[in-house]
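Consider the two complexes below, in which chain A is the common component and chain B and chain C are the respective partners.
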Partner chain A sequence: MLLAVAIPILTKTVFPEVVSKQAKMVFDAIDDLPDGSRILLSYDFDPASQGELLPMAQAFTRHCSIKGHKQYYMALWPLGSPMVDLSIDTIKSEYPDMVRGEDYVKFDYKTGGEAVIRMITQDLRGMFELDSRGISLDDIPMTKNVKNIQDMDLIINVSAGDPGTKQWVQFAATPFGITTVSGCTGVQAPQMYPYIPEQLAGVLGAIKAAAEYEAAIDEAYPSIADNPKAQEAKRRMGPQLVAHSLMIGLILVGNWIFFMSRKRGQA
Partner chain B sequence: MKRTVPLVIAIVAGFVLLIANFIPYAEDWGLTAQEWFNILAVGAMVLGGGNLIKLHLMKVSGQRKGWGYSVVTIVCFFGTLVIGMSKLGVHPNTLYPNYAWSGYYLERGSGLWWIYQHMVVPLTSMMFAMLAFYVATAAFRAFRAKNIEATLLLVTAGIVLLGRTYAGVWFFDNGWWSCPDWLLWLRFDNLTVWIMDIPNTAGTRAITIGIALGVVATSLRILLGVDRSYLGQD
Partner chain C sequence: MSTDTPKKSNSLIWGIIFVIGAIMLVWSMTTSRTGQVWVTPEQHAFTADADGKYSETDSPTTGDIEWTTYNVVPDSELTQEAIDSGEASLSWSRTIGLWLAALFTLFILSFLVGDNPAYKFAEAMVVGTSAGYVMVIGLWDVFVPNLLAKLFPALVQSWTHPGMDASGGFQWLYIIPAILIIMLLFQLMPSGGWISRWPIAFFIGITAGYRMIGYVEADLVAQIKAGIVPLWITEGGTFAFWPTFNAFILTIATLSAMIYFFFSIEHKGFVGVTARVGIWFLMITFGASFGYTVMGRIALLAARLEFLFGEWLHFIPSS
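Now for the complex of A and B:
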């Protein structure tokens, strides 16, 4: 298994991706918005799942930046805040024309999970008086006219568990009809599909969907295909293909041994 | 008194949130209750930390099995707490240069950043990565075609595993063979989408509705004071 994962990583093997219906739905939810729309991005994951979720979080950031959307970052997990910093680093390095406070802003982590969501659906300042740099929201151009997150055009949630997508659906998307998309771990994804399409406009499940989403961005905005950092999820599909194939092979061999030993036992 | 006061608080807060959800006039009551919840959540974090330390100190003092790990936990806990609270290596925020502790707690190069970058990230990533090996061994044991149910599980898992990679497409469209259009629905990635959309969604919806009904029943029991198990044994 170690070799199955290591060899494609070291050889940098990348396979083509076919964009699935789910990835297209997420892509369209962001792309169909008029340029400069307000998007809330909540990073509810930590370094443990960054291997699976960070590429899609970064893809969200790049897509929103290409479209010139206003990006409002927050985290319901204590270690989600440093994940947001990685996206802000991406904006600073790849989209230097974007200005902090005018195009993107970060709110620091607040404890409370779903209570934070409930509060900001009514009163953003009740939870975040200042941004992460200590500036009052009334002095930041992109937040001074925002009363609560009902003013957002879209919520993007990158989730590895609770609090996460389920809570965003329960306390923001469903009661207030705020369009929401989710990027979540493979384990969570089956629980999120029932929310589509009414409560969630789309779900990206694990690294495979992230790779498809990257492919969708590449198709729509070919210039991004030259950026190797924007192909991270696709790069991770190589190890996944070899590891999954190995798994299937081992399961088949295991079953063959099982049947042979049972046959011998019967004889 | 020890049980009555928390019971009253839970019942009042529960009803306030319930009423605030349905009566627009009472919306502000709900917000106030949520503010209280957030304040209490911060208190709960402190309480959790205290409890963790108490348990591990007891383990060390009793020299119970694995007490060495508890020493590591205690040292790491206080080390992180002191470095984080003192904002070691953090420069003041440029907007508030006269306030020594006004800087960002995870500033690049600071003490807490170092702990996060060089200890938290590799350790948690390693734990998550190890799951791959556990999943592999568990799958190997679970996917034995012992009976019809196990065979169904095995076939489904095989389709999803292949559908989640480029192999799902490649088997049906490669240099040697190209699948006719009328058979495209059999492609592993399309079958995976169907499995997720139809059988999985149906099953998950049923489970979700069941859980929701259970939550309603439990909430009612708590609101009416019938269920007091959350108060503990004392």
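Now for the complex of A and C:
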């Protein structure tokens, strides 16, 4: 299995991705917004899920940056804050024209999960008086006119568990009708699909959906296809294909051996 | 055949893997910048206006707050010119960090061979550093700005958060959470532990209330609404087969799965058949979950191998 995963990585094997309906829904939710719309991105995951979720988080950042959306970053997990920093590093290196405070802002981690969401749906400053650099929200151009997250045009939640997408659906999307999309781990994905389309505008489930989302961005904005960093999820699908093929093969062989030995035992 | 034979062959295989790995590492170190982290500096400066409020400036003067951060240069973007001009410099702290990350990854993966001291050490380090990190983050990102700053705004403004507005003064309402925190700490006392039950009860009550509202609104009412769908769907005046088929599947799956969990009637006859259909739908759901979980785990392994082959060994371009 180690070799099945390692060889495609070393040989940089990448397979073409067909954009599914789910990935297209998420893409459209961001792409159909007018340029410069306000988007809240909550990174509710930690390094343990980084391999699965960071590619889609970075794809969200790139897509929002291409569209010139105003990006408001936050984290409900203590180790989500360094994950946000990785996206901010991406903005700084790949979109140097974007200005912190005018195009993107980061809020620090706050404990409380659903209580934080509930609070910021009513009063953003009740929870975040300052941004992560210690600047008052009233002095930041992109936050001074934001009263609460009902002013957001879209919420993007990247989730690895609790608190995560479920809480955003329960306390922001459903009661206030704020359009929300989710990128979540594979373990969570089946629990999130029932929320589509009324409570969630789309769900990216695991690395496969992230690769499809990257492909959707590549199709719409071909210049990004030249950026190898923007192909992370697609690159990670090579090992998936080989490893899954190996597993299916082993299951078939195992079953064949089982039935053959049972047949021989009966004979 | 001796029972030690599998163990010996296991050790031999792992020994060969480690020797090959060590040879590859030495080869890579002699031919590239393997295991090195290079950085470029970035200056930051904040200046105070007449009201004492700070804002970022590109031209700092004496008295402004200044600091430098360092950005990692990926190996693929690092040029000899940048090194020679001094624009990029080797970061020893990050290089040590990179090696620690690589070694701890290998320590954790060593569990595949069997439980061992290296794995136990890495596991303890993860738990310890995570707990320490969360405590520090909790103190500076939550406790100080969301409690201390409400009680002693001037002190916090002069101490850690110069950008905050201290004109609000002392907010007496925040004494209540402060008292609850102190009561919670009685949990650590040899006697008087019962005092901590009050804030715990308060916390559980608040959480239960919050969650009940959330679940009733989003998972009960909204999902019942989402589950009531027309079973004959037309699009543009013509019958749409697949949406209709999906609506039937949704309805049958919902009803049959619910009947499986309805134990007041014996699962015989029509009810028994429906419950069995419900089991099938549940099994398909569990299968999908399991498939997704496997995919997630492979993605995590791929990410760690990409780190080892890319950022550490430079066999592939690091992302």
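Here, the second predicted complex is superposed on the first by the 267 of 267 C-alpha atoms of A that agree within 3 Å, B and C clash if a C-alpha of one lies under 4 Å from a C-alpha of the other, contacts with A are read in each partner's own complex, and residues count from 1 in each chain.
As a working rule, a residue touches a chain if its C-beta (ideal position, glycine included) is under 8 Å from a C-beta of that chain, and two chains touch if they have at least 3 such contacts.
On a predicted model such as this, the values are computed, not experimentally measured, just so you know.
Student: After superposition on the shared chain, which partner residues are touched by A:Met119: those of chain B (first), chain C (second), both, or neither?
Tutor: Only chain B is touched by A:Met119; chain C is not.
Student: Tell me the contact category for A:Lys24 with respect to chain B and chain C: first, second, both or neither.
Tutor: neither
Student: So in the superposed three-chain picture, is A:Leu130 touching just chain B, just chain C, both, or none of them (first/second/both/neither)?
Tutor: Once the two structures are laid over each other on A, A:Leu130 reaches chain C alone.
Student: Looking at A:Lys229 after the superposition, I want to know if it touches chain B, chain C, both of them or none. Which is it: first, second, both, neither?
Tutor: Only chain C is touched by A:Lys229; chain B is not.
Student: Which partner does A:Lys208 contact after superposing on A: first (chain B), second (chain C), both, neither?
Tutor: both
Student: Report for A:Ser245: first if it touches chain B alone, second if chain C alone, otherwise both or neither.
Tutor: First partner only.
Student: Show which residues of chain A both chain B and chain C reach, each in its own complex.
Tutor: 5, 48-52, 79, 81, 110-111, 115, 118, 127, 133-135, 186, 189-190, 194, 205-206, 208, 240, 243-244, 247
Student: If we count contacts the way the header does, which residues on chain A are in touch with chain B in the complex?
Tutor: Residues 1, 5, 15-18, 20-22, 46-52, 79, 81-82, 85, 110-113, 115-116, 118-119, 122-123, 126-127, 132-135, 186, 189-191, 193-194, 205-206, 208, 237, 240-241, 243-245, 247-248, 250-251, 254-255, 258-259.
Student: Considering the complex alone, what residue numbers of chain A touch chain C?
Tutor: Contacts found on chain A: 2, 5-6, 9-10, 12, 48-52, 54, 78-79, 81, 89, 92-93, 100-101, 108-111, 114-115, 118, 127, 129-130, 133-136, 138-139, 167, 169-171, 173-175, 185-187, 189-190, 194-195, 198-199, 205-208, 228-229, 232, 235-236, 239-240, 243-244, 247.
Student: Taking the touch rule as given, give the residues of chain B at its contact with chain A in the complex, in rising order.
Tutor: Residues 27, 30-31, 34-35, 37-38, 41-42, 45, 93, 95-96, 102, 104, 106, 116, 120-121, 124-125, 127-129, 132-133, 136, 139-140, 143-146, 154, 157-158, 161-162, 164-167, 169, 189, 193, 196-197, 200-201, 204-205, 208.
Student: With touch defined as at the start, can you tell me which chain C residues reach chain A in the complex?
Tutor: Chain C reaches chain A through residues 53-56, 71, 130, 133-134, 137-138, 141-142, 145-146, 149, 160-165, 206, 210-211, 214-215, 217-219, 222-223, 225-226, 285, 288-289, 291-296, 298-306, 309, 315-317, 319.
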